[in-house]
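Okay, got some structures for you below.
Each of the two complexes below includes chain A, the first together with chain B, the second together with chain C.
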Partner chain A sequence: MTTTLPTTTTTERFLREFEVLKFQLQEQNPDWVFKIRNEAIQNFKQLGIPTRKNELWKYTSLEKIVAQEYSHNGVCNRTIQTHPLPWERDGVRAIQYLESIHIVTYNGNYVASLSSTDQLPKSAIVCGFSKACENHAELLQKYFSKIASFEKDAVLALNTAFVQNGLFIYIPKNVSIEKPIHIQNIVDNKEGVYYFQRNIVVLDARAQANIIETYHSSSPGIWSEVNEISVAQEAQLTYHKLQNDLPLLKQITHTTISQAQKSFVHTGTYTMNAQWVRNNLHFLLEGEHTETHLNGLYLTKGNEFVDNHSLVDHKMPNCYSNELYKGIMNDQSTAVFNGKVFVHKDAQKTNAYQSNKNIVLTDEAKIYTKPELEIYADDVKCSHGATTGQLDQEALFYLRARGISEENARALLLKAFMGDVLNTIKLDALKKHLEELINKL
Partner chain B sequence: MLKIKNIHASIDGKEILKGLNLEVKPGEVHTIMGPNGSGKSTLASVLAGREEYEITKGEIFFKGQNLLEMDPEVRAREGVFLAFQYPVEIPGVSSINFLKTAVNEVRKHKNLPALGGADFLKLMKEKQKMVEMDTTLTNRSVNEGFSGGEKKRFEIFQMAMLEPTLGILDETDSGLDIDALKVVANGVNLLRSKERAFVVITHYQRLLDYIIPDVVHVLYNGQIIKTGGKELALELEARGYDWVKEEFNEKVIG
Partner chain C sequence: MTETKDIIEEVTNSEYKYGFVTNIESDNAPKGLSEDIVRFISAKKNEPEWMLEYRLKAFRHWLKMTEPKWAHVNYPTPQFQDIIYYAAPKQKKELQSLDEVDPELLKTFEKLGISLEEQKRLSGVAVDIVMDSVSVKTTFKEKLAELGIIFCSFSEAVKEHPELVKQYMGSVVPYTDNFYAALNAAVFSDGSFCYIPKGVRCPMELSTYFRINEANTGQFERTLLIADEGSYVSYLEGCTAPMRDENQLHAAVVELVAHKNAEIKYSTVQNWYPGDKNGKGGIYNFVTKRGICLAEYSKISWTQVETGSAITWKYPSVILKGHHSVGEFYSVAVTNNFQQADTGTKMIHLGKNTRSTIISKGISAGKSNNSYRGLVKINKKAENSRNFSQCDSLLLGDKCGAHTFPYIEVENKSAIVEHEATTSKVSEDQIFYCNQRGIGTEEAVALIVNGYCKEVLKQLPMEFAVEAQKLLAVSLEGSVG
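Let's look at the complex of A and B:
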């Protein structure tokens, strides 16, 4: 047969590409890494690129997007390019007023020369993924592909097979990093390319860190980022993801966070000015008495598409999770929220809350929201809910009747709507930065 | 100041105001009374610029300008203030921020410089005293969780802050206890001046013991069917509306 289904073509393209890269990968990486890659590609072969028939990809034709974007260039497999970096555009770099430990990745590669990791305690580790495979193999083996399982996930499998870039961050026991760590990820390439990045973040017992990831790219392509994060007992992590500067690039992120007992994690995912984004955020609650907060804000316009899928897996008793995602959809844009809370049989005394609220500003804008609770324990407190509406016309009139312009009245109401997500951000500079970005929308 | 000429207004295809005429001069206080559903709040909404109402006929002039051509915010800046019968709760919008935005947009319209933080707080304090407004309320979101009486008091407080030329009070007295009623009435009386006029919509003559009107109108079935002095309110309280309706019907038929 000369005609094949597009599914077969894109999947096969990746498989072929792996064959080509295979020997290079085998040479570059230690055996244990290559072994994982091999398993991953076998797994990917079985699964194939997800189509809309896959329930988890119902609103997103990944297969179509990959076929479109995956031009002749294929997988980006370059080594570091350095000066001059072409990405330094106005306002891209800084979160104003944020005093941070700055880490830069460029096309997925860690750029030591632009990072300020000297401010970290000596015992902490920050290095590129490939380097970590060599220098910190013993540590890395415990986490790479151990936190996030690719068994049922083609995107994860693909990332695992190909990835050579990304970061390894290790914060040892009892170490508190006061200053936020700002990871600035920059992708720059003129042609359609598939990028893979893997970040592995480990907070050992009682460690503390605040991490902010921002993404910047003016080029097209697909960017697959996988984060495997381990938060050991009594450790505390806040993890913010700001997807604001992605006018052309399509981004698929997958973050799995595993939490040991009495750990605390707060995540914030803020998406605006991004053409096409899919975020998977999974929490595995592996110890008792953990606390988890998942906050999200997505503001879409034009024909942007933002899809947030989350899973909170309550495996142990006495854990608390609270999820709040809010979205405002304008023009012909589309957003998807799918949040699942899973409470295992043994996870008694679970407290799990989930809420998704949306404002749709036009007739053409769309939101597909699906909050899901699956509970197998009997002594739990759980709630979930989703609302979708328009801007409150009564409130709008009330404000205008006091002399406030329609534009300002709308802005006041939208800001009020976003308030309870923004108010959870304890880093004032980040909050202010977000507010300014929102004002400019 | 306000001239309403033969106004017809409908909502969802149903005519509510059916040829209403009213003229209010500077310094005057007009009271509008009338049975439930007669169109009092509709009139107030039409004056404030609610877009759901369709004006099928008639004209309204405010200070010589065509009011119907103005957006609600422009009317407010020009000096029309409606104290709502049912003020809406706006969670997440702080009362102070709301008031400051409103005051400064009105000031801008009048070519006055914006009030800075300190000046604004000073003004707020002064007006708060005037309507004996609980200061903790202004630290909350607009109307959120306010009691019925608190909402009404907050409306009068906003009026005091914005200093309109025409204040329309839609049943501001409903749901107020005697003390609150006095406070609200006192607030209105303090705002009364030669330049400023009020249209007070009420069901109870009680309010008129405190805010003494110059004219009392009866609104019935979308029209003003009787106009009199303040003694008309007392008569309505004693006798109800039937006799006015009958009198009007006779006049129409006869």
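Let's look at the complex of A and C:
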């Protein structure tokens, strides 16, 4: 039958691949997981790969990206070269001076031998996705595909159908992890591969954690990552994502964070030296009196493309959210920002702020920004702002008049521009690391 | 607090005051749309062959298009085959003075509080009335003719100034632009045409009073306004419509062309029937309005007060092609009951040193939804261009919605683009402050809403500002005026 089709679309290709992998996937995980996979692929079949006619993909040609045929990353592929460590070999260093609990994934697989999870309290859980499906099924069933619904999202559906790897992190009640948890994702595969990752992070009531995620890859391929994060009442989470070392690997990430009452979440998304990135960040505010901070920094150059989509869904009253994204575009690069604040009918006394500021350095660089407000409650304070411009000529003149070279003056002003975002980072080592990376650009 | 609620309820419950039907015999086309109907309309209007060709081209293109669904509005799809596409009052002979106008018609305008005599005498406004699609009366035409200004109905322009119509019609809004623009190009009934020659400053405000009268007739107006080098014109457009149960479709096209150093100021007050308090009936207002600043130092300014229509879907835009050209957009949109408005603007910066300003004020009450949707695009070659946008929303009541969807696309490093938006309600503090000083809650809300809209209202010409305030008052009855 397939031979009669003149051209197969990418959607059809994925459906066919699912048929091929079906039995392997069925073997791997318990039945309840496979059931969800099946639902997801059915859903994907209906939705199809989004085109640019889809409002959420207006500026981002996903079709073109996934048109590239790669093999799928199998879970059986567990052979790891541990010497020398991949990041040592590539000269990619971990974050200096950061005393952290390491969690390492290699080509998507969790590597216990390279991780230092022994520093975690016994009651906490860290394991790979497949293992969690078997050992912590009861717990996982509450969260897997429950926080992020694939019903209307083809990319999520696709990830859910094919997901093979990822992490499960569970921090129990009243446990506070002092040291930051550093997840290092290392991809080292000369062939291009589709990586379908699913990270599930659960903070139970009054738990506390700081998570930093970094990527190191010089290999081609596509990394589809879905993070489902549940923050229970009065729990506190900071979550930093550093998309730095991705010259060839294209990333499509989706993060949904569900917040219960009085919880606190701070996220930071820092993108630089990344070829093609699309980030979806959704906050579901399910309880009252929550506090949410979303910060982002994107620095693009060459032909790089970075797209940040965020949604803050104010479902309950008395919540506070604050979003700040800043970007600097150089060369022929393109950046997209789309932020949405949605205030439901009953979410009175909502306080929501959103700000997106951009500097375009060349005439070839492009920025498409769309900050949205959708409000159905009347007793709210919501505002947003977006600016695009260049370096202030007067400020530049001021510095030059004081004997600072143009190059240095520019660097100084750009640094000050980014300072707003960097200064919100409470982990000094991470802040320093980011500053160093920026200096190298 | 209860008092505020009362007022809000009053606002929500107020009925549309201008609902009445004038009994004038109509010369209607049969229901439905086909090539024959397009030919019928064209023949009825004694149009030349090229005009018919244009209509047919647009119609054939329209058949290939599908209705747009992206706007933040919900409504049943209009049944395009159930609409009467042509209705003209049976008044065929040329009129020289007001005495010859059908007295029924004059009464209609009197009920609206805009009697022609008064306008003629007091404000010096030349009124080109469009009542059910055909221009009935054009005043001050002779006076304008002295200056070389052409101000007439569209069909007259087709006959008398074909070269101008041929040159400019569809140059800003081509029939391929969108679904409703194509529909309009195929079946447009009439509209206004205006040409201001080189270096002429139009001495009076030009005005058209639109009014939908016949049941079941969609109105397809077409306005074309050309300001030649160094000229200036201020154009007013305002509308009310009688109460109806079926939804009526209105798909107008407005094209503005500003040449070098020319300035066009286009003001609209729109108060079509918004439907009753259960959301039944009301006008569908799907309008394509666009202006182009063709050459250096030209300026186009849109001002609109939108209070009516069940559904408004309207984005007056400016293409800033000439260097140093300026685009402005000032808008107040009020929605009540079940009204839905998705309105905003597009500022397309193509030329160097172009500037644009967007001030949008939305007020939602009842169960209505009010959206701002705007695009600011800075093209690669639009050096040193500048945009400032401000979109504020005011919510009266807890069942309404206010939304903002700004699109900002920047492709030039020297451009400066700013956008800010706020959403809030009339604060209790403000009302308390007024109450304390002996101002009743009702007046206080009026005061606050008036102050909130002032930035836009002050852009309206004097004659119009009064009317705009009246219409605001009707829309938010009990709290304003």
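The working rule: the second predicted complex is superposed on the first by the 409 of 441 C-alpha atoms of A that agree within 3 Å, B and C clash if a C-alpha of one lies under 4 Å from a C-alpha of the other, contacts with A are read in each partner's own complex, and residues count from 1 in each chain.
Heads up, the rule we're going with is that a residue touches a chain if its C-beta (ideal position, glycine included) is under 8 Å from a C-beta of that chain, and two chains touch if they have at least 3 such contacts.
Being a predicted model, the structure only gives us computed values, none of them experimental.
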| item | value |
| --- | --- |
| Clash or fit (per the criteria above) of chain B with chain C on chain A | fit |
| Superposition-derived angle with apex at the Cα centre of chain A and sides reaching chain B and chain C, degrees in steps of 10 | 70 |
| Touching partner for A:20 - first (chain B), second (chain C), both, neither | neither |
| Chain B versus chain C as contact partner of A:380, first or second or both or neither | second |
| In the superposition, chain B vs chain C on chain A residues touched | C |
| Partner chain(s) touched by A:416 [first = chain B, second = chain C, both, neither] | first |
| First, second, both or neither for A:406, with chain B first and chain C second | first |
| Overlay on chain A, chain C to chain B nearest C-alpha distance, Å | 13 |
| Overlap of chain C and chain B interfaces on chain A (superposed complexes) | none |
| Sites on chain B touched by chain A in the complex | 48-51, 71-73, 75-77, 82, 84, 87-88, 90-93, 97-98, 101-102, 105-106, 109, 141-142, 158, 162 |
| Residue ranges of chain C touching chain A (in the complex, touch as defined) | 70, 378, 380, 393, 395-425 |
| Touching residues on chain A, where the partner in the complex is chain B | 392, 394-395, 397-406, 408-409, 412-413, 415-417, 419-420 |
| Chain A to chain C touching residues, read off their complex | 55, 345, 348, 358, 360-390 |
